[in-house]
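By written order: A, B, C and D. Residues from 1 in each chain.
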Amino acid sequence: MPSAASALHMRGIGKVFPGVKALSGVDLAVRFGTVHAIVGENGAGKSTLMKILSGAYAPTTGTIEVAGTEVRMKRPADAQKLGIRMVHQELNLVPDLTVAENIFLGRMPKRLGFFDRGGMVRRAAAILAELGAAIDPQQRLGDLSISQQQLVEIAKAYAAEPRIIVLDEPTSSLSEHETVALFRILRKMRDAGIAIIYISHRLKEVLDIADEVTVLRDGAMIETRPASGITAAEMIRLMVGREVSNVFPKTPSTIGREVLRVRGIGDGERFHAISFDVRAGEILGLTGLVGAGRTEVARAIFGLAPLTSGTVEIDGAPVTIGSPAAAARAGIAYVPEDRKGDGIMPAMTVRENISLPVLRRLANRFGRVRRGAERELAGTYVRKFSIVPPDGERRIGLLSGGNQQKAVISRWLATDPKVLILDEPTRGVDVGAKAEIHGIIGQLVANGMAVVMISSELPEIMGVCDRVVVMRDGRASVPLAREGLTEERIMALATGEESAEGEAA
Amino acid sequence: MIGKTARLPAAVAAILLASTAFASAKTVCYVTAADSHAYATPANVALNDRAKELGIEILSLSQNFDVQTGTEQVSTCIARKADGIILWPLDPQAYIPALARAKQANIPAILINSPMAEQANDFIKSFTGPDVYEEGKLAADSLSEAMKGEGAVVVIAGQAGNGTTIGRVGGFVDRLKEIGSKIEVLETVNADFDQQKALVASRDLITRFGDKITGVYANDDTMARGFIDAWKEANSGKPTPPIVGINGQRDAFDSIRSGEMYSTIVQSPVEDGKLAIETMAEILDGKEVKARLPIPLTVVTKANVETVQPAF
Amino acid sequence: MSAFVSTLLRYRVAVILCLTLAAATLIVPGFASLTTLSLGLDRGSTIGLIAIGLTVLLIAGQIDLSVGSVFAVSGIVGIMLQPALGMGWAALAGVLAGTAAGVVNGFLVVALRINSLVATLATMLVFRSVAHWMTASQPIPGNDIMFSITLSEIYLEVFTVRSGLFLVSILALHVWLTRTVAGRNLFAVGSNALSAEASGISAGRIMFLSFVFASTLAGVAGVLQSLVTNTGSPVYGSELTVAVIAAVVVGGTRLEGGRGSALGTLGGVLTIAALTTAMEFQSVPAYMQQVASGLILILLVVLDRTVRTGRRKPAAAPAHA
Amino acid sequence: MTDIAAMGQTTKDAARFSQGSRMVGMLSRAGLTLAILAVILYGSLANPVFFTAGNFVNVLMSMSIVGIVVVGMTFVLVVGGMADLSVPATIACGAILSLALQSYIGPVPAFAVAVLLAGLTGLVNGVLVGYVGINPIIATLGMGTIVLGIVQAAVGGVIVYGTDPSSADFVKSRILGVPMIAVIFIAIAILGNFVLSRTFWGRWTIATGGNYSAAQASAVPVRAVRAGAFVITGFAAGFSGGLLGLTLQSARPLVGQGYEFSAITAVVVGGVSIMGGFGSIPRAMAGLVFVQLLTNVMVLQGVRTPIQGFVLGLLIAGAVALDIALRKRGVA
């Protein structure tokens, strides 16, 4: 609808951090009643642009017009007064308050300073119902699953009756069918005349939902186009400035003996009777809706959470795993889902991050860590996986997501594990790095390692894995061979339209 | 879970049972300074023992050196309708309102060990025990005798703001003025009746004044010991300047014999405790008692060190 | 665990309080009486008034070690200025001195971003020496003993001015925390300051005000104490801070912020007051009293843990104030 | 590729993650060194006796006792344990037992038992904090009161005297003019530094303080590491308590009062982050030296005892504020 009025017009936006030019000359025009997607690799400047839009940063240069009038935003509150709402990638919620209180946080309905809880709860319930989310508004938010919290975050933005709503990777922790629900809502909002700015790595989704697409690269605006006039391949080309032929190359590897055998494990709460096995040189995909219990299974196998039933065998010998240390000894490695939270030690150098699990081995009998050996170890992986910058002494917090992820993987290869469990290894990683990481995984299996890969991204699962286990509500399907497996089939299993319980295997 | 929650009352019960049972005899409420202290403990023991002999029930409350607790405890005593109150004041006036209320409730009260401001006298029957101010004066006399009335002293005082400190320093300084002595006070430091703090402070004082120090007055023997150790570190072999302490601890006696200390002032906690309860007993029997009942203070020097009993 | 036990756990503070009272009544003759109650309340109210402030501060995820020193300073000001201003205004000045101290703490933590544990450790020392400075380390007497006595009169068999004030304030706090927007925002800030900020709540402002509030109440308690004893002393309140923090935490308020309740604090204060009174009635040595209250503190916090580990969070997440 | 997202995020967390921080770290350490030099300069100008071997030996001896505690406390802060408030109790435990038991089992075993029991207290602290997951402040506060109460009950509250002068002579003896107690302190400091900065345990400690769950997911025995810091402090405090008892040849239950705060002060002034994950023994020691020299100068200049607290307080606030300011500059 080209006639629609301009909701937001950013002109010549530039932002400079000490020593770094984050943005330069970015123009962005968004109209009411449209979904405007912004795509680009990490570091392309998306987050900075959005932080400016939300009032968190002030632009070094440029002007911002909201609904045709120029505005200055000094703090998030200003942006909110203008009707701009953010749905952040890392959730902006308060665990200790109830869902309702979170939805109305900062703008609770008051009467003489007192607020009427009843009214608030009713309104919250209504909104959640509208979003088709089955969440009790009286529940303590901290007790919800991540994807439920994500929905609350969206409800919160929606409840503010915004004129412009910005969603930053809103589906990163949503399952396919929750995503579908979200899109339904977004379209509804759009038709209600709200301007929607949609940021995502998932190009397929972008093409689904967006009316217009703006591509950023290295802090500069490359191009804005109607979504109808662009393909995923083109977008990728514009984003990385190069042609990326096959996004998910599958390096062939010879599949050997069985390494990990899991039989009927459960934690008595979030997953039950899970059984599967992984063979040397094989990549087993573990997928399903978020909250289906994939991560919980992985954490339990790695000793981060207790098992109440079932057995885990490595090379046919049963192992009892009480702690990650024990898991490491047994030859199991785990690259966690939340890189910032569970992955890196931001204050430590790349070297120190890599050597952490093997320090004991690097230490002499007085416990003194042999610096030489440590440097050598780190150096090997920095070179092998071409971690940028190629400097083991650099604080890891300064590296890009992709390079941090490579370092975290290196950390585990140092223990030369038999089984490597990767939990969403490419989430929030840009297209280039994604390919590299898939390459690395390819090498590993080629050298006979057994890999379990958790991912919500079906194309990735389909592209990389030899067999796939689909989880639903804490139960697992039988491992499905890659041949003849379709995304539709996986969705069917994940959503319960088709059932193939795992006890059989 | 249940096990855990159930353990608590058991614990409380144990603690409560561990303590003395309640009887209908005359009950005297004894608000002591602390029940874990070199001087207070023997005083408490003596007081309790004597009370048994006199057939008096003692309800003893320990302030643990916290004035505020103390004032509240006096209220407790009033609420418990005790027949008498023996208070060990840690502050010259904070207790006065509480004592006034005790008087309103016709509960006789006396002070043990430390004095209070004049206003208190209207509300107490008597003050038994050593006069810390008097001790200060005696110390002044003893020290100026040792220093032939001239020279320079450092004063190692107790806690700032503590009643005993105020008395013992005040008495000392006033007495020096009184006798117009030419002794100059170089510096007064607070070492909180703590040997280590005294040791550290003394090191600095010795470095700072060196041989200027021709005399030392410590508010108690523990701190005197601190100074002696510091002196030995600084200049081994060199004889210590005359040092005067208070309390008459056993090790102070040894120091006097060996000449490291010049004198101390014995105040016996046992006498202190006994006198207090005996006075209270007389009050309870309706007898009149003197407003001021001091316990004997003996200045101990080399001359009489063999004949006097150390306080503790 | 069974519903019954979990209920017991949810109301553990009340349970412990009742158990304490029951045990005391059984073992201590003449414990169950109005006088005991009024005593306990009066003794509780000093700690209690400060605890009210600290509850707010802890919910905001901050801590204040300086309340004990503020307690002393305010009392001294309240007494010192009596000749000049008269009792009422002097008292007010004392309270304001507390407020001022709160402004300093708030500034250090909010403006200079110093961790509150460190900042208030520093001001604890500073305010304490200010107290010594003003008084030359000598306790100073007030004007009017009779007023002190009337202050500790017991009304309706039970309440003193202090305990009455305490009870009213803590009920007010309860309403404020649970029923007002500001109260909920306080929880939001303590639970996740960044999110609160992003939702347009000024976390800094709320934290700053919490510090001011806490110190002001410490000031009130200090002035009352000084009026009741008719003395301003530089050594007042040196033992207080620990006791107060204990009371608040026993009341189920979390040091990490985001959780806590006024009624819980009331329970905590009363439990400790009851325990002390009961043990004093039996001449239990102070050090045994310490052991007992220490045990209760640990026990309740452990219980609190067991309740929370029912939740999704990893059991031993690092505890950051 | 410079990752702005990462940059933005680092501004949120402690700024030290940023590139500038290495420079800033040096700057803040240099700042402390300069401060120390300033104090020395002022001291020597203001007071003739300040700049003398004798005086420096005094300062060294005075800092030895608390210094040993500082070594332990550094571990607690670095691991993200905030503070160990049970130190006064553990010191008392060390001091009283090492004297009280002398007459029964001889000085050396007595000392050993005393230190062991203090370490045991540390262990309980560690279990409560590391395994049960209780806030360190509360756990150590509670344990402190309990242990102190028990110690007082054990000795009935009176002063305990040493019965073996030879042990005192040993502590008071000197090696090339350096007091034995200082030698012991320095040895412990060096050992502590070795453990924290060179060994895998030290690295684990820093990692756990820096990002608990990431350390856990990296097969670091985080609970043990957290607990360990408190055990170390328990032993350190017990040890310094024992030495204290031997130097004084007498001990009271409250002998350890105030040491916890002096130790924290030194560590914090040294620029060790109270939020954990960052800090070193040398930094803490620099902080200790600065505080001790300053106090020494104040005493030599005849500053009244209460006022010293005032200066110390301002000092803590000032040092930390400066540190934070410097870091901020380092980032944006």
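Rule of thumb we're sticking to: a residue touches a chain if its C-beta (ideal position, glycine included) is under 8 Å from a C-beta of that chain, and two chains touch if they have at least 3 such contacts.
All values reported here derive from a predicted model rather than from experimental measurement.
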So which chains are sitting against subunit B and subunit D at once? C
Taking CA centroids for every chain, report which one is farthest away from subunit B. A
Inter-chain centre distance, subunit A versus subunit B - centres from mean C-alpha coordinates, in Å: 70
Cα-centroid distance, subunit B relative to subunit C, in whole angstrom: 32
In whole angstrom, what separates the CA-based centres of subunit C and subunit D? 29
When the centre of a chain is set as the mean of its C-alpha atoms, what distance in Å lies between subunit A and subunit D? 42
Provide the list of subunit C residues touching at least two other chains, using ranges where the numbers run on. 132, 137, 194, 234, 285, 287-288, 291, 295, 302, 314
Two-or-more-chain contact residues of subunit D, please, as numbers and ranges. 152, 157, 213, 216, 253, 306
Where in subunit A do residues touch at least two different other chains? 304
Looking only at which chains touch which, which shape fits best: line, ring, star, complete or other? other
Listing of all chain pairs that touch each other, if any do: A-C, A-D, B-C, B-D, C-D
Write out the stretch or stretches of subunit B touching subunit D in their complex. 34-38, 40-42, 160, 187, 189-190, 194-196, 199-201, 203-205, 207-208, 210, 222, 225-226, 229, 232-234, 249-251, 312
Residue ranges of subunit C in contact with subunit B within the complex: 1, 5, 8-9, 12, 15-16, 19-20, 22-24, 26-30, 35-36, 38-39, 42-43, 46, 132, 135, 137-139, 141, 145, 148-149, 151-152, 225, 228-231, 233-240, 275, 277-288, 291-292, 295-296, 299, 302-303, 306
The subunit D residues in contact with subunit C across the complex are 12, 80, 82-83, 128-139, 141-146, 148-150, 152-153, 157, 208-209, 212-213, 216, 222-223, 226, 253, 261, 264-265, 268, 274-276, 306-310, 312-317, 320-321, 324-325
Considering the complex alone, what residue numbers of subunit D touch subunit B? 47, 49, 52, 54-55, 58, 61-62, 65, 152, 156-159, 161, 172, 179, 244, 247-248, 250, 252-255, 257, 296, 299-300, 302, 305-306
Touching residues (chain side subunit C, partner subunit A) in the complex: 179-182, 184-185, 187-188, 190-192, 194-202, 258-259, 311-314
